[in-house]
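One structure below.
We just call them A, B, C, D, E, F, G and H in the order they show up, numbering each chain from 1.
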Amino acid sequence: MTSFIYNPALIRQKQMEIEFLSFFHGHGFDIIDLPVVESFDWHGMTEDDLRLMPQRETWIQDGTVHALRHDWTNSIVRYLNKYKIDAERAVYSGPVFHSGNETKQLGMEVFSDRTPEQQESLGLLIGFMDDRFGGLPKTAVISHYALLPTILGERILEPAIRRALSQRSESALKQLLGDHPLPALLGDRPEAQVHKLRSEFPEIGPVLEELTGWEETLRQSGIEAVYPDITALPSQSYYDGVFIRLYGEGRTAPVASGGQYTARKKAFGMGIFY
Amino acid sequence: MITIALSKGRLLKSFLDYLEQNGHPRWHGALKAAQRELLVEAEGIRFLLVKGDDVPTYVEEGIAELGITGSDILAEYGADVNELLELPFGHCHFALASKEELPDYRTIATKYVNYSRSVFDRSEKPVKIIKLNGSVELAAVIGMADAIVDIVQSGDTLRMNGLEERVRLDPINARLIANKHAFFTKSAEIRAFINELRVG
Amino acid sequence: MTSFIYNPALIRQKQMEIEFLSFFHGHGFDIIDLPVVESFDWHGMTEDDLRLMPQRETWIQDGTVHALRHDWTNSIVRYLNKYKIDAERAVYSGPVFHSGNETKQLGMEVFSDRTPEQQESLGLLIGFMDDRFGGLPKTAVISHYALLPTILGERILEPAIRRALSQRSESALKQLLGDHPLPALLGDRPEAQVHKLRSEFPEIGPVLEELTGWEETLRQSGIEAVYPDITALPSQSYYDGVFIRLYGEGRTAPVASGGQYTARKKAFGMGIFY
Amino acid sequence: MITIALSKGRLLKSFLDYLEQNGHPRWHGALKAAQRELLVEAEGIRFLLVKGDDVPTYVEEGIAELGITGSDILAEYGADVNELLELPFGHCHFALASKEELPDYRTIATKYVNYSRSVFDRSEKPVKIIKLNGSVELAAVIGMADAIVDIVQSGDTLRMNGLEERVRLDPINARLIANKHAFFTKSAEIRAFINELRVG
Amino acid sequence: MITIALSKGRLLKSFLDYLEQNGHPRWHGALKAAQRELLVEAEGIRFLLVKGDDVPTYVEEGIAELGITGSDILAEYGADVNELLELPFGHCHFALASKEELPDYRTIATKYVNYSRSVFDRSEKPVKIIKLNGSVELAAVIGMADAIVDIVQSGDTLRMNGLEERVRLDPINARLIANKHAFFTKSAEIRAFINELRVG
Amino acid sequence: MTSFIYNPALIRQKQMEIEFLSFFHGHGFDIIDLPVVESFDWHGMTEDDLRLMPQRETWIQDGTVHALRHDWTNSIVRYLNKYKIDAERAVYSGPVFHSGNETKQLGMEVFSDRTPEQQESLGLLIGFMDDRFGGLPKTAVISHYALLPTILGERILEPAIRRALSQRSESALKQLLGDHPLPALLGDRPEAQVHKLRSEFPEIGPVLEELTGWEETLRQSGIEAVYPDITALPSQSYYDGVFIRLYGEGRTAPVASGGQYTARKKAFGMGIFY
Amino acid sequence: MITIALSKGRLLKSFLDYLEQNGHPRWHGALKAAQRELLVEAEGIRFLLVKGDDVPTYVEEGIAELGITGSDILAEYGADVNELLELPFGHCHFALASKEELPDYRTIATKYVNYSRSVFDRSEKPVKIIKLNGSVELAAVIGMADAIVDIVQSGDTLRMNGLEERVRLDPINARLIANKHAFFTKSAEIRAFINELRVG
Amino acid sequence: MTSFIYNPALIRQKQMEIEFLSFFHGHGFDIIDLPVVESFDWHGMTEDDLRLMPQRETWIQDGTVHALRHDWTNSIVRYLNKYKIDAERAVYSGPVFHSGNETKQLGMEVFSDRTPEQQESLGLLIGFMDDRFGGLPKTAVISHYALLPTILGERILEPAIRRALSQRSESALKQLLGDHPLPALLGDRPEAQVHKLRSEFPEIGPVLEELTGWEETLRQSGIEAVYPDITALPSQSYYDGVFIRLYGEGRTAPVASGGQYTARKKAFGMGIFY
């Protein structure tokens, strides 16, 4: 746990941080900061807050729960639900803590519901990664959190179904959903899945339209492989639209992720973890 | 190239039988030939032969894109992986066993602490659970515990130790698991492996 | 906080405890015990649990919230919601902790929805207090948590109204409820309030019937003054019927309190704090 | 016999005026006569003359069955008492005051930390609050804070210190509070006192 | 220019007497003339007139370089300041007082919670302490506490309330305190003020 | 962890508790009580306190460390080091917490350095156990914490030697102590060890005298087998004289244990864990 | 009657050899004859054949009065038992092994997490340790870790996996452990067993 | 506590950070990083650790004490006492937490006992401040922790004397030390104090020599006013030589502070808090 790193890489990392902030600042993003330690009143904790707590470094002080920042967007959503802000675009950098491990996060947020603006910011992020942060991501996985509620209706609330979805378990979904077309789709190539979805569920046309728009943005930014993920469930309930994960060559953990969310009003944010 | 973590021991034997019966001579041959090697490559697939408990770790960490292990392991450790498919081998089941039938089993010895806890929670009974790493039957034999919760295949081990199955619990089989991200980034290779396996 | 008490009173206190347990055990109550330290999964915490947390001595251990027992009935409800039990009546004694202070609680529970059985146990408790525990309580305050939802309907969920009710604030209720007959009732003598309620809200007749039955039990047990409390709100949502507070002569804190609740099935419990 | 905790100072004066104007000569006389006594008995009522901040404590603890104090105190300390009635005296209001008008007040000095926090939370603005026990105006005068949150009656104190009221916040008046349990066990005495007070 | 936070009330009177007797007509005049001003400037010195409890805060935060307050305040709040000198005024003492003499005082009401705790710790006796903000004597009068711990000057307040001093505790006097850093960075001005004060 | 016990045994347990308190109260012991939650200032923590902390249920509140009571004697020692008390003998009962598990402890303390008085109290305890608490212990193990410091001198402070001693590791002690007579003694029957010690180290005669006196007390109380334990190290530094463990038939955990200690002045205490 | 927990596997074989060579035909016979039994009784001694990791648990809990297990297990789990004697069998050693020699080993895979931590602490080097339950060598082979820390007997396993011992760490042998309390209450039986074992 | 800052100042702050790291990196300092969360074994905590705990944000997790980083040098000392490092000079930046408040610290360390090297690093720091960090400090206060032990001998361990020293309380020191020359010195101008010290205590000549050397360094770096502080006591026991505080114009809190310490071997470090 105690790691002491002193090497030339550190200065590059710090330089990267400043370049990231400067780059987005130059594109009209305000630089923001939030406390590393967040405090929660017991009675004000939401389902989202409670769900995340076991993954956080937490303690109780003066009758309130304290937790180290786990994810910038998460903290920003909580802030937006409490305070008004003037910024329309923001950029940040700083440490986050997952189950006791400290890592760094860089990211940006667009507090606007205009998709072109959101997509422009995604393009900027990918551009930055291409130029300065380890090169262009090779792969993107893209989902839309409005898909499943339409396809599955109320059944999406069943814990067993949610578990099977989150595990992409074709076997389990077959057992749970019977004839429903969804399980069979999972056996198809990802590229074919969207196609079949459109014909099976004409009512989700507009959502698939949106997805296609974002896919376009990703491809124009230079990303070669873009896979749809039709069974994705949001980790936190404020995510309610498109969600994107970017991967480097031969890497199994995403280098960046984020999506559309609602905190009083619609927004879009993506973060790089490193 | 795709990497697959395989559970050694009982499950590997069952997998080999399946391969043999379903016509995968080359995988079967390569894996069969492996004596004490832990790494076997065959036809563009790299197999890692590891302890069943470690399969989810290898897959979760992305060292292997796929893994084959028992549903007992997954039930116990709850890894953050995609549990793609049930596989048609490695069948056995969980059981509660004891020397004598009792109205209530208050102390349980087991390797499967989390699973046992969930079983007793489902039946809404409080219980004390003792974690052992092996020879769990012994705990019931010498009275360290009222009963044990363990995997039962033939039931021979229980009988040999003078124990009897009291409650047949969940069935167990082999599962194909995938790393959550490789599921997409290696989707073609994964799909190819699944097809190969199924068609037999 | 550090108090070291050694005096003849302590042995009397311990004797009282054993007498209490023996007395109820002799009347068919099983003696029960539960751990002093309770643990909560973050995601399994109910609104009730969260509301109580700030009053409890709490800490986080291995990703779960630990808290010292705050109230026996509260712990028993949580137990009943998790495990089946065979006992039909139970009696207990042991320490409870309020905001860091340790006190003792004695009490009993009847896991039955039969009112006569519940009332019999109340009679036993008052009898025991009369004989051995500082004498017969002088005063009882009695409420029924089905009253207000009928009288106020949905408005009972408004935080401002709840606060005004819990403070018996005639001024605030007038502002909030306008012409509603409730605020005016508060200015009446407690005895007159029930009377007027009955004529204003004929539909609550059966609830008032119930109240009267319990009042009868209290009077037969020898308690002279019984006051209805029409604006009472339950501290925890499982309390959903009659609730009773008993007071000694010239004392402002109740010596005993409890009431009807639901934890899978109907039950009744009362505790003595000392 | 009933015990009533009264807030000394500004509020007591206002109460005495009210008593005088509404014809309670004996209470008025007894309380007026009290020089530095803290305990005054008159016609079966025991008055405790205590610091405003302490009134809720006396009532909450049951030392006094009733209390009369300002709504500022109740807003700040949130005691667990029955807040029976608003009383027709002790009127003033909370205000935010500063030397200069500013677009944003980032640092606030005040005796009323909780209240100020709630005001800024309502307006959804983050703020730093400095707790002072007295002479709060000074903090704004010497630039220790951008503004203060305090009680304002005539506004003279603000003017004398070169400050100006910028935002008129919640009104304040006297409140009759009761111990939660005594509210029932002494209900007849409490009702009698209220009637006496009202009818005047 | 140097800023000095002065405790208002009892201690300020005592300071004014000292200034008068020791020939500091201009400071005396300026401070005496201050009616309800909180900020008085005289001969290159800026005096802040604040509540005694707040003096250490002003000095610790560096708003004032020096402060004059009672040792009771310092004993209770333990500020992180330089406590340069004892001053020859503001004399009184802490006392434990009660209605009746008791073998043990188990419940104490006081404004000085930390100090009282330390007194009872020194005498190795456990005690329950109730914090009150004012009119502490009342707690002993009405039996809310066995005794009180408070400041005693003449003893009149105790007597008026029917209480008697039982134990004379630590003496109290005025103290000159300095901000820890300003002690160095304004050392010349501080030394000048001390000399002025002493020589008289 | 959550155990809900309701059975006839519980009332017997509570009765036992009251009998224990009454029995010792009848012999002039004051009944004492101490808080379940203890708080520690960081800077006031002793080596003893710190050593015990990992075994305790602990949390931090308002800048002080809170811990659940771990052992009554331990709490009493801390109390005695802070406050004066008048009692000369005390008896107690209540829960203790070891690494998250709640058990009960009954016990007594004699705040006197007079050995006969201490031995009398030991006799009373054994008598009580014989009559009412599961019968006469079969075995006693007795040690004296003044032995090893004399035998080993400064070397007793070496961590490796302490570990070997606490493990009774003949092999390790031979490696560490070479020709010293101690390791060889460990291979002997316990009964023979004291004999040899006396001849090897004449200067510890008085300590062995003391040991013999206590052994006599134990035998007169009816305990058949008494074993000396010459390598015992105190768990907490306040234990500085005789220490005794009592065992039931065929049990490997002691039913009672305790010994002489110093908290300002000499004392003796023993506790029953159940 | 005394109960002894024996570590199955490698250590049991080593123990059997020792018994054979040192003339304990009956124990040897009884244990040798045990096929998959976990409980063997011979001449007033009850042997429990359990997993090495579980031996300290059985002894600490008092299910067995004595236990024979490797010092590797004791070093890793630090049981609260009496570690009476080193036994003259079960010899092997801990080693750090890797594919290539490196100036620093930053990531270590091992079953022995605590032991490895202490080794690196002793050498004052920070390290990341990955816990695996079996086939630890694989982690070094596939580059999941820079090196492994494991038990080495012949070194064959390392060689077969293309690894080489880089640092020879602490020696390992069998240990006789006793329950802390049974050490006294069964001292005669324990002493008898030790004598029997030694004299051979 | 929750502050959300987005303004142009933030980017300047981040730029400052990177300039600081680059500047010292360019002068041969390695960039180092250490975890924000530090963990402590109960039994391994030193007196220094315990003394600091009440000022830290702390909690207990898995039986160890966790605390947020309070001061970089403090963390580095703890690291050096556990691990060997190769670096001879190091530079760092990152958040620190005091009693729940988050601030930033920049600083550097020289792991060498050669005074000229230490003084060179001090010169670099002051140079950096002059150029880029709010300008040249106006005032320095300088002390040497070897002074008081020589002047006061064993009496320096008395708590009352330590308190009086730390408060510069002339009155209290007179009461405690009587005729000792120290109290009288406090009434003198700081500049005169060193002079008198030298004549009263000739044996501290070499220490005063050292002080003079550092004073020289400070003056050459352009700092106008340098005050000696003869009664300074170290906040942590590893500080054992010269200690320096730098102040900006009209500011009462130091902008930078640090000094010589020993962590296995001699070192020198200074930090800027902002």
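Keep this in mind: contacts are C-beta pairs under 8 Å (C-beta built on N, C-alpha and C of every residue); 3 or more make two chains touch, one makes a residue touch a chain.
Here the structure is a predicted model, which means the values were calculated and not measured.
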| item | value |
| --- | --- |
| Pair sharing more residue contacts (C-beta pairs) when G-H is set against C-D | C-D |
| Chain separated most widely from subunit D, comparing mean CA positions | G |
| Chain centre separation in whole Å, for subunit F relative to subunit D (CA means) | 58 |
| Rounded Å distance between subunit C and subunit E, as computed from the means of their C-alpha atoms | 47 |
| Distance between the centres, which are taken as Cα means, of subunit C and subunit B, whole angstrom | 50 |
| Multi-partner residues of subunit F (at least 2 other chains) | 2-4, 58-61, 82-83 |
| Residues of subunit D touching at least two other chains | 126 |
| Contact set on subunit A toward subunit B in their complex | 138-139, 141, 167-172, 187, 189-190, 225, 227, 229, 245, 247, 251-254 |
| Residues of subunit F touching subunit C in the complex | 1-7, 10-11, 14-15, 17-18, 21-22, 25, 30-39, 57-61, 66, 68, 79, 82-83, 85, 87, 90, 93, 95, 97, 100, 102 |
| Residue ranges of subunit C in contact with subunit H within the complex | 59-62 |
| Residues of subunit A defined as touching subunit C within the complex | 41-43, 45, 50-51, 53-54, 58-60, 63-65 |
| Subunit D residues within the subunit C interface of the complex | 62, 65, 81-86, 178-179, 181-185, 187-188, 191, 194 |
